[in-house]
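What follows are several structures.
You will see subunit A twice below: alongside subunit B first, and alongside subunit C after that.
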Partner chain A sequence: MIESIRDLARKWLESKEVDAIFGLKEQDGGVAPYLFTGRVNGISELGKLTTSTQYRRLCYTCRPSKDNILSLMQRREPNMKIGIVARGCEERALVELAKRGQIDLEKIKIMGIACSQEEAKECKCERPYPNNLVIGERVEGVSGDENINALLSKSLPERLAFWRHELSKCIKCYGCRDACPMCFCKDCKMEQKIFTETGSLPPEIPMFLFIRFYHISERCIGCGECEKACPVDIPLLTIFRQLRRDMKDLFDYEAGIAVEQESPLLTTLDESPMRKEVTSGV
Partner chain B sequence: MAEFEPKILAFCCNWCSYAGADLAGVSRLQYPPNIRIIRVMCSGRVEPEFVVKALSLRADGVLILGCHIGDCHYIYGNHRTKKRMAILERILGYLGIDPARVRLEWVSASEGARFAEVVRQFTEEIKKLGPNPLKEVRA
Partner chain C sequence: MEYKNVLTTCPYCGCGCNFYLQVLDGKLIGILPCKSHPVSQGKLCIKGLNAGDFVTSKDRLTKPLIKRNGKFTDISWDEALFLVAKKLKEYKESYGPDSIAVLSSAKCTNEENYLMMKFARAVLGTNNVDHCARLCHASTVVGLVQSFGSGAMTNSIRELEDADCILVIGSNTPEQHPLIARYILRAKEKGAKIIVADPRSITLVQFADYHLRHRPGTDVALFNGMMNVILNEGLEDKEFIKERTEGIEELKEVVKKYTPEYVEQITGVPKDILVDAARTYAKAERASIIYSMGITQHTTGVDNVRSSANLAMLTGNLGKPSTGVNPLRGQVNVQGACDMGALPNVYSGYQNVVDEKAREKFGNAWKVKLPEKPGLTIIEMMNEAAKGNIKAMYIMGENPMVSDPDISHVKEGLEKLEFLVVQDIFLTETAQLADVVLPGACYAEKEGTFTSTERLVQMVRKAIEPPGESKADWEIICSLAKAMGSKEFEYVSPAEIMDEIASFTLSYGGMSYDRLQKGGLAWPCPSKEHPGTPYLHKEKFSRANGKGKFFGIEFKEPAELPDEEYPFILSTGRIIFHFHTGTMTRRTELLNKEVPTGYVEIAHIDAARLGIGAGEFVSVQTRRGQIKTKALITERVPEGMIFIPFHFAECAANVLTNPAFDPVAKIPEYKVCAARIEKVKVS
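Here is the complex of A and B:
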């Protein structure tokens, strides 16, 4: 599998289909994001191109500039065509970022790779394959999440008690937000004093994490980076997974599938775009 | 012990519901004094965070009132509200706060009687639900 990824990457670079490949590189016994350029030494480095379930933050937001790493690259090199080795979740992140005007998908060529059954199980991923599969075999996702079922079987006071316990562990490290590929606002509500008091722990329950739950609700791609980043193991994904189901249920919408599919919060009740109709009416 | 008197926060849109509340007032319609009104320019101005903030500041219920669909002064403001509140209700449910504490209703400027009726019904419902469980969290 990894060999065919390297071969295809080499082919793309040599045929000048892309100017650079963005992926993970083996380095000092670990992995790190790396831009393999089309120059001779870049191509020879492709032997170190790798994939990892431990580190999948190819689309993450840089702090404190709050720029997406890809949009930074695209702004600096507007004409560069970048090839990206992307798993299902990373591809969905790219689609959502393009939908929200953060990156230019025209300048990106996605090498969609499938996750293995073990990897899917590890992430409890419901969709461990990209929409456009290039390398690997598609395996079925994990359906059913015992955390969600446990939450839904609780009564309202029990749920509140559960979250009160979980959220009181929060140390306000902002790890979930910083790891989230969909969090790119320059002014983050989680930092505004009116919503979150400064200087006290735990943060206001449920305000602090509610902001994230709501803001990511319709764009969550289910990658699970927030839960992995959480140092105190708050089961954030339980709510995000359930919200992904709710979006299908409420608006027949699934994040990260097609760039043309507009977010339900930006359309009218009959799912027509708001902005277009307003301007044509004037 | 005195009967539980809930505190209810109402966000009223400037163009319809606030005028509706005004009409209820000048028509001398009776409705429970449990609500406190905040005027917003559009129900679309009400962010779900406002509602959660109100609940965590010990409001027992939150009422969001806007123009009927199609009547919005800003054309699609109330479409946004409706979709947002649908998501908000789900999240509140998962967090263990009864979604019935938040209600979205459309009240036009000519519906003073309806405004009074909505407030009456909602107050009754909140009385049945009892005090906001988040009160203990902050105590």
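Here is the complex of A and C:
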């Protein structure tokens, strides 16, 4: 698969369909996101273009500017056309970013790649493929989530105790937020004193993390980068996966599918969007 | 447009996490965690995730400065180097080499520390070179060398995850070494028992099976009490003791009287809890001790460290995975700065300056006759400066005006100096006292290596250009050495310096940039083929006879105890949101938002008694001085104890601390002194 990706990247660059390819580069015994321009050291650099299960997504929000790397690039060179090697979750991130005015999708060409069955399992991904699938075979998503089911089978006090234990490990690194492609607010609610007392550990339970759950609930594209960034292994994706399910059940809405689909939480409530009462929740 | 990620090592604590510096067209735009790194695994703490902020701060020094009529003005590098070289030569010739002292830096690379100690010894001709390890783990370096023959973390970080019992004493791991705490929590999830011994109720206590809340400064008694229980119940590892150690009789003789009852009297730890904790530790298949400044920063620092070694040896918890005695080092390269010999008594690899062979080896290589007498430690330098015996100092990347105990005395010493050169990235409180300030490059702007707390030597890679005319510290030292006429500083790159280090330092003998570019190597790594050493003392200890040594150690009270006039025990330390003297973290937006200034932790009961309300200003006084700060009323400290983080110059804890030090390691007693606290009357 990697050869097909490199070949296509080379073709896109040579035919000037794109000016650069944003992908993963093999370096220093690992991989890291890189912009292959074909200008530095010629196109031969594409030999280092790769994919990795470690970095399934590559467009992150940069801090302290709080801009997505792609929006920084587009602001710097508005006319540059960037090709991006994107898995399903990456594509969903791009759609949501475009929906919210962070990037210009017109100037982005998505080279959609499919995840393997194994990769899908690891991420418990419901949609391990992009809409614009270009390379690879589409495999079915994972529907159940035993973590969620296990929690749902417990009583409310047990669930509360579970989350209290998990949240009390938090060391307030903001790593979940920093890893999230949807966390680009200039004025982050997690940092605001009115929601969470500053300077204490663990941060206020549950407000510190819950304010992000609320804020990202309908944007979450389910990539799981937040959970992977957590130094104390808080199962953040369990919450977000359930939130995504709730969005689907309540509003028949899924983040990251199409730019035109507006978030139900952003529409006016002239007509009640609620389809049924909320009864579940982990 | 150019976008790249440059892999490097985090500049804060000793965990040695790696991350990528994101660079867009030559500008640093963010930090990206590195998922393939063995320790950090794509995770970082708040300081690491924000380690780009201070790099681009507008406060960075960009030009050499000279103080004229009390004000700093820019000068050229040529002028600055000429002047510093001329002055240092003058003092060397007029008053002798020992009239000059040098502070190296645990924030600088191994290569820079090696050069700094070489500069002090070969160019200035003095062993007066030290650095902040004196203030944090001098007792570890001395104590563990006496017990085991090697003064470093015996095991590696990730092994913790598979320990069956972890004793955390004097380490607020979740705040000071967050990515090490990760592995403690993971061990807990796997069923390990966690014992926390700390006077403060740190956040780790909520996950602990036992909290031994001993009175500050009673660590030796606590250790002796645990060993008393273990020996009484026959839980010691008799085979290990027989085969691999010496001195057990001496230990037995001393710990005999430290019965749980007696230890309760000294430490305040209920005897039943002590007994249970001792049994839990002794019965574990793999038990690991983690400690940090809570036991090292005492007048009995070396005793505390050797006591932890006693306990581990008594139960055979050494030389195998997930065990050991694990000092967590607080600065990114404090291990490396020690390894490189930025200490007054050793060259790189702890080769002693009084050893004629070592002296000859380095002297021949550097083509100079090296001084024989061990040099002064930090505290002694300040004392001698105040007395007028040290005339000039060259300080690189250290800020004693905030970090050292009894700051008023430090200031007196530094002001008495005839000539002070400070090399730093910011105009620190110390730099403000300098005659000449040289602008250094920070970690993101230079190449080199750092050695983490687990002895892992890792690359620091250059991502961006240093601001203005600032230069990498290794380049500055080389230029200065050349300006003083030395021909031994002709390096073209840090790789070349590492080659020299490897050729003179057995534990680093197999290291080179070619190898390190592919990943870190844990010392000892004596040859090109050697894979590095994750845990020490596997077959034998590093002491000359290969045996670990028990020491019978009696409990001694701290130098200054509370009395009627100063009824509180004052302890100092760090918090997760800031680092050391705040030079970097206080120039980081998010960290300042979390904690903008200092405070004093006081227990509810004491605050109520003294009529102090939450957030009210109080005056804290000791025999050294007084500060005004805000009260944080909390259950973290017990009755009778107060705690002040030392990061904040405007209410500096070290105005208060006691410079009394351990007789051998010369580490000051930051953790215990007597203090008074009272509400500041609003006028």
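The working rule: the second predicted complex is superposed on the first by the 263 of 282 C-alpha atoms of A that agree within 3 Å, B and C clash if a C-alpha of one lies under 4 Å from a C-alpha of the other, contacts with A are read in each partner's own complex, and residues count from 1 in each chain.
Methods note: a contact is a pair of C-beta atoms (placed from the backbone, for glycine too) under 8 Å apart; a residue touches a chain by one contact, two chains touch by 3 or more.
All of these numbers come straight from a predicted model, not from anything done at the bench.
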Could you look at A:251 and tell me whether it touches subunit B, subunit C, both or neither (first, second, both, neither)? first
One more residue to check, A:150. First (subunit B), second (subunit C), both or neither? neither
If you stack the two complexes on chain A, which partner ends up touching A:35: first (subunit B), second (subunit C), both, or neither? second
Check whether A:259 is in contact with subunit B, with subunit C, with both or with neither, and answer first, second, both or neither. neither
Now for A:214: first (subunit B), second (subunit C), both, or neither, which partner does it touch? first
Does subunit B (first) or subunit C (second) touch A:2, or do both, or does neither? neither
Touched partner set for A:160, first subunit B, second subunit C, both or neither: first
Please identify the positions on subunit A that touch both subunit B and subunit C, taking each partner from its own complex. none
Using the touch definition up top, name the residues of subunit B that touch subunit A in the complex. 48-49, 52-53, 56, 69, 75-76, 79-80, 82-84, 86-88, 90-91, 93-98, 133-134, 137
Of all residues in subunit C, which touch subunit A in the complex? 1-5, 7, 20, 22, 24-25, 29-37, 42-46, 48-50, 52-53, 174-175, 178-179, 181-182, 185-186, 189, 203, 206-207, 459, 461, 517-519, 575-577, 589-590, 593-595
Residues of subunit A touching subunit C in the complex: 20, 22, 25, 27-35, 37, 40, 54-55, 60, 62-65, 69, 72-73, 76-77, 80, 168-169, 171-175, 178-179, 191, 198-199, 201-202, 228-233
Inside the complex, what are the residues of subunit A that reach subunit B? 151, 154, 156-164, 189, 194-195, 204-207, 210-211, 213-214, 217-218, 238-239, 242-243, 246, 250-251, 264-265, 267-269, 274, 277-278, 281
